[in-house]
């Protein structure tokens, strides 16, 4: 299972990075969303995989009766998902505002902070 | 959105979803769920309500500014952590009051208040985002 | 004894449910326009998932799960037609045409949302 | 009165969902229901009374029957090698006036054979229905009028005094 | 309420049984106080009048608690509190050592000063849309970074401060702000994601997240585990946060776009967090791997210094110029990490502290320059030496500091780092540090000549009310005091940074504090 | 394993197979489109299939807790459709907002 | 040294700085007469140091100080031997006179107080420099002299020339300072000593070290820049932009001598090697000749003096590097004499400028009647400069010729250089001292008259001191020159020369020099014209070069920065991920951390399906032509991940993932509604391939590393603990939730802080619109 997941994680990364490398702001934002999934799967896999047994203690027991899926990476991923979602939302709205204000979805044209063809600073004293 | 059908169904759906979200919140300690998921469900409910009946309806419905709710959530969660201060135990130590007040096992405890804080933060923030976006739409 | 009945019933239900779901998916592919496809999704699809939830309720060992499964089905029945309606309304308002061989369209003359599209749309 | 009914219903749903009908849980459900109803206080109009329960159940039964039937028909249609379709949108003149009833009708229509509510006219006079077999629009209109619409009127329309005592 | 269910259970195997003294809560205060204050301000978002004072009080409290904590840590060694009473490594430990608390205290002071400056600079709309909550939450994040002893928790605090910085960055929504924020946000997101990825790998390898636990397990895993690759990933992730070349693009793209007080805050807090993390993770947790990467880090340091200061020379906008100087300073700190000798690390920490003060101060000065002259441009701004000698004097002192010239704070760390480089024969590293110092002198000297000495359009009247200027002076003065003290009498600070460096190089006391009595 | 249990586990596998096919078929509709509402509809369908999938997995593993996920999924799946419909309608209000290939599709019957 | 003396010396070191603080207020109160009060500071310091003379003349060094930065082994400690004490006396003595002179010179100036302040700070820095025992203290004061001189040169800040000169001085001397720092640190590393007093005892260990040459070059880098050795001399004439008191003090008597001081100080340590005795005379000699030639070319009094200062510094460096005790004696005598006559002449030049309104020799003349005292002082100084008896300059010149001689080709050559230089300096001295005062008086100068006491006191005292030293040469040698020469030579040296001329080679050379000088004075105008023609023909000098260097630096910086920081997010991203790929693969391959070949995964068919759907969804996202397809496809892969979590025993994750994916899609749809986005990928195919390669490398790297890690044994201690205690102690059956709210509650606290702040930030982003806040126009758009 870990092998298949490692392979899947690799594909997730390839796709997300490929999208993030584009100049299209929305594609980049979508890439960010996929990146978060890639990372979550990565953490999940790194914590090793046990199928189908959730880490929930049965009503009648005080500890799990069988080997369960590793709960810690799940908790970590939950935190990471929430954080990633917050960032995703922010980025998306930022992209939206940037598009609205700057009038372009091409990051090559978003160059106000570091404008093209800037002049030299004063050469005198 | 101008559709009678959605506008009619949405309030009921919303209240059902809010109810469900609280259920998920309270059960989180023992079954899948918890403050975050509960909060997301409630926020989804308000989003539907907002799309169907307009942002102002939601704002009136929740009375407080969503971000204020969010702030209250963070405050509650942090205070749940600080609550352990007089007991000579570290920050965020769980403290329980045993009991079974509602027939199913909710135990009053600092982790519960912490989780409620999480719930409020998520409801507040996500609702705020959805409403702000929706409001902008309907300009 | 109860177990056996539960198992057979649940097994049957999930086969029925998944079959309906498959049919709905096939319909999604085979039917000619978005409005027709909605019929497949909103009927066979809803029934399929509903039946499978029911199966879960059947095998459940506590009453809480049963009531929750039924509540879930209720939620689903409440939302499925609304989504179909919204999608159809949206598609129509946005000007997505009916299938070319549709026999009737009584909607557009009186629908203000579609008005601007009406002029350039050939009518059946 | 109406809110009270809603309260009870929501509290019962709460109990059903949590799986415990203990008094304290029902009480708690009532508290929660208050909260969630408060949220929609503007939209809640009058809803029916317990006396309508029988008619509502009757409507429900009809609906489940139609749902299964419709699913089956669609399945057959989809799986048949040569789909013989005559789709179209028809206008259905509404006699219902209240939003709740119109919405209910529209949803029921959507869930039943070969029909799909596309929209309600602004003036609530017409329901536009997409039919997968629109070869006989009048028959379809009649089916709706005598099926769901009538049942809805029975179940939810304001009753005259004598009806209430039946 | 304290009726604890665990009474019948033996807790000693799972929980800390010693009671926690009230004084130990000092370690939580730097995170909890700003967080609670931020939440309250958010709830009072319409009461903008009280925001500034409430935030200042909270930040003063934070600073005070950090100073008190520093006193304790210096006298008693690392202080640890494991949250939720769980035994480490199961609960999240806050482990305050000299390194972390020193950084935290400096950050606290800077945030406090910025809150004072902001009181004059941020209008009602800025307040209502959360300037102070952002500031406070950022401070909570920064404190969390410096205090936590858990690597995933470190990630969380990184994100807290990052999202708060987003908020500060976009407040105002000017056109170039949006552009800058887009780059800042995306590239920083990549950086923190890399950090998260590396943490995931680390967990998969070590099975633990507690830093002290990792430090004591690293020796065993060195044989089988891919620790070099992990160290490389951490280096990249934190290098990016620190704005090291060639992954520093986000900083020059954005630092000049927001309100000046935000730039000042960023200059003081953000990149240093990355430097701190590099020290903590690479030097303390993975020392053998850091040795292997040492040469790489050194070249990264050189490139960062040189490209940074070259960038500064190319700028017309004062804020952008300062942004590049921040970058080149990062290179200098990386040099210390590359050397990882006691002197080099002490120098790097000292440099970080110096840079936090000096760069914040310079950005605040830039703000007043704009108010006086109406421009941030070297082309236009002028005449301050004539119109406002006090500001010019303050600026000069900060320029001296940033250039590493006596008698201000920049001198000693630079000397430390040059000496540490020469100690190992890395003359090229020493030369880069010195050349960077010279080029910084040129860049800032030119700025001083153009903006302060040159008289432009004659007689620009200061349009700013004196009262408003006064608050700005107070803020800048509060920055200059430590800058001067670090220059004139650096001994106390050096004692601290030496202790910080030795704590990094000999983590035994740190580990013992987290796992008292445990056998290493 | 009793006969009923064997039956159940067989039907579970069969159902999973049917659902797997349904998944792929619906995904196909998302990919081929051709119109926006088609894709939205297919996504809606996917939610329904996922719901069934969850139910079947719940039966397979014996964990009823999956039910809550299914309910929540039903609810938010609805939200997604509402939002998409909202999206389509507001774009319709300003047809220039349509992507060019979508514009072609809307106008293709001319 | 007793405690009280120690305290007094410390007071002497910091008093100028304290004075600097109060100078503006004093000047505000007493106007220019504050000079009288402020001059008491250097005067008292002079007296304080004067008291050390007998002790030092007896061969003892005065030391003292206290710990400053013990952790770095840096002390605040002083070391007063013959060399530093002489310098200290010159600095404080001339300093007192300069303060008075400044009082008169800048009388009524708006910022006279500030000027006093800078002057005193400079004085303190210089004082500290020469008495420093510890390297770091020396360096600190060294840099402080650069900084204070920056402020003084730029005093007249409104003029661009002043600003340029100030920056030039700062850059050149600052560069030297850093070189010095490096040199001192290298020496510190070689010897382990960071104190002069200790270092002077271990010269051999430095000379024998393989790092010697590096240390030498670095130290000389400091000395040569400060002492304006060719080709780094250009900043000094430009520094004449400063008010004349600055020129008189910094650029003749004190600061520029710091380099010579350093060379002299380290002569016992670094000297006596081939490198030392080649480099120093070479640079010194060249500077001497070029300095004098350039001086001839000038018509401005101050510039002429400035170039002769350059020349003199060259001479001093040459002598110090010559390598004999005699040469050291000569250097010491010349240094003292030069300080006195050059200080005088600068002040005279300032006085003339102040009274006559011009410093152009071609426009000056006939002032002898109007300014008799000034004329007298100028004459005395010029004679000393010319090396005529009975002045201290004469003693120096005699000793120079005695030291150089014509022993071999090299010394003969250096002697010729010295003769030429001295002759030309004599010319300049005469031009400065005689030309303004003799001959007819132009009408424009009618109003000129003698300046006030404040102005002429300085030149008068200094010029007389130049005479007095020569007349009382025995005392002079006993107390000053011999101790100083001993300190420089590193061994006991006695100076005997007096105004009674040596009969022999030195005298002959002196006569030749004077004769040459007189002849040249007669042809000075022709010489000047010739030099001007030559310089015009060359057309380029280091001064111009400085401007070219700075603007070239700025241009190059722009070029580089516009390429590296080009404002294109796409490039930034590509670069970043390229580094990611490198960071993954290089250590993995190089450190041998690759995974082993895995077995084919054993998956159920529905697990394959879910993975397949995820991958199809990803493909659809990449392929999507319009954004809605992309969004819907995004939803597909998200749902697939959620299903995967469900299959892998993570219901909470699955739950959250479903919710989050849906909400992401919803927010996307809401936000995208009004955007009119072009559907196409903006990239041409070539770029796509590059991006794909980068993405592929990163993805493969992440996958391989993950595989490697999953092949390791896993330590599940933490999870076992959580499972064991979740219900028992923390009362929760859902272990994941217990971790979230209890075991790792702090993570969650941070997490909700993120959510809250994100909500607020998004609100701010949506709500605050352009122009709603107090706007400031973007600066960056101006170009």
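In order of appearance the chains are A, B, C, D, E, F and G, and numbering begins at 1 in each one.
One rule holds in what follows: a residue touches a chain if its C-beta (ideal position, glycine included) is under 8 Å from a C-beta of that chain, and two chains touch if they have at least 3 such contacts.
As the structure is a prediction and not an experimental result, all values here were calculated from the model.
S.K.: Applying the touch definition from the top, give me the chains sitting in contact with each of chain E and chain G.
M.R.: Chains that touch both chain E and chain G, as defined above, are A, B.
S.K.: Which other chains touch chain B while also touching chain E?
M.R.: A, G
S.K.: Hey, which pair has more contacts between C-betas, A-G or B-F?
M.R.: Result of the comparison of A-G and B-F: A-G.
S.K.: Select the chain at the greatest separation from chain F, using centres from the mean of Cα atoms.
M.R.: Of all the other chains, the one whose centre lies farthest from chain F is G.
S.K.: Which chain's mean C-alpha position is the greatest distance from chain E's?
M.R.: D
S.K.: Just how far, in Å, is the C-alpha centre of chain F from the one of chain A?
M.R.: 23
S.K.: Taking the mean of the CA coordinates per chain, how far is chain D from chain G in Å?
M.R.: Comparing mean C-alpha positions, chain G is 85 Å from chain D.
S.K.: Between chain E and chain F, what is the separation of their C-alpha centroids in Å?
M.R.: 47
S.K.: Could you list which residues of chain E touch at least two other chains?
M.R.: Those would be 5, 35, 38-39, 42, 83-84, 91, 133, 152, 156, 159, 163, 166, 170, 173, 175-176, 182-183, 186, 190, 197, 201, 204-205, 252-253, 256, 313-316, 379, 446, 449-450, 454.
S.K.: Would you please write down the residue numbers of chain G that are in contact with two or more other chains?
M.R.: Those would be 160, 163-164, 167, 550, 554, 558, 562, 565, 567, 569, 573, 577, 627, 647, 651-652, 654-656, 659-660, 662-663, 666-667, 670-675, 677, 702, 706, 709-710, 714, 716, 718, 722, 724, 728, 731, 733-734, 740, 742-763, 765-767, 770, 778, 780, 783.
S.K.: Give the residues of chain F that touch two or more other chains, as numbers and ranges in rising order.
M.R.: Within chain F, residues 16, 19, 23, 36, 40, 42, 57, 63, 65-66, 68-69, 71-72, 75-79, 82-86, 89-91 contact more than one other chain.
S.K.: Any two chains that touch count here, so list every such pair.
M.R.: A-B, A-E, A-F, A-G, B-C, B-D, B-E, B-F, B-G, C-D, C-F, E-G, F-G
S.K.: In the complex of these two chains, what residues of chain F are touching chain A?
M.R.: 57, 60-61, 63, 65
S.K.: Please name which positions on chain B make contact with chain G in the complex.
M.R.: By the definition above, chain B touches chain G via 28-37, 40-41, 43-44, 47, 66-67, 70-71, 73-74, 77-78, 81, 91-92, 94, 96, 107, 109, 111, 114-115, 117-118, 121-122, 124-126, 128-130, 132-134, 136-137.
S.K.: Considering only the defined contacts, which chain C positions touch chain F in the complex?
M.R.: Contact set of chain C toward chain F: 3-4, 6-8, 10-12, 14-15, 17-19, 21-22, 24-26, 28-29, 34, 37-38, 41, 45-46, 48-49, 52-53, 55-56, 59-62, 65, 68-69, 71-72, 75-76, 79-80, 82-83, 86-91, 93-97, 100, 113, 116-117, 120-122.
S.K.: Please name which positions on chain B make contact with chain D in the complex.
M.R.: Residues in contact with chain D: 2-5, 7-12, 14-16, 18-20, 22-23, 27, 49, 53, 57, 60-62, 101-104.
S.K.: Within the complex, which stretch of chain F touches chain C?
M.R.: 2-5, 7-8, 10-12, 14-16, 18-19, 21-23, 25-26, 28-29, 35-38, 40-42, 44-45, 48-49, 51-52, 55-56, 58-59, 62, 64, 66-68, 70-71, 74-75, 77-78, 81-82, 84-86, 88-89, 91-92, 95, 105-110
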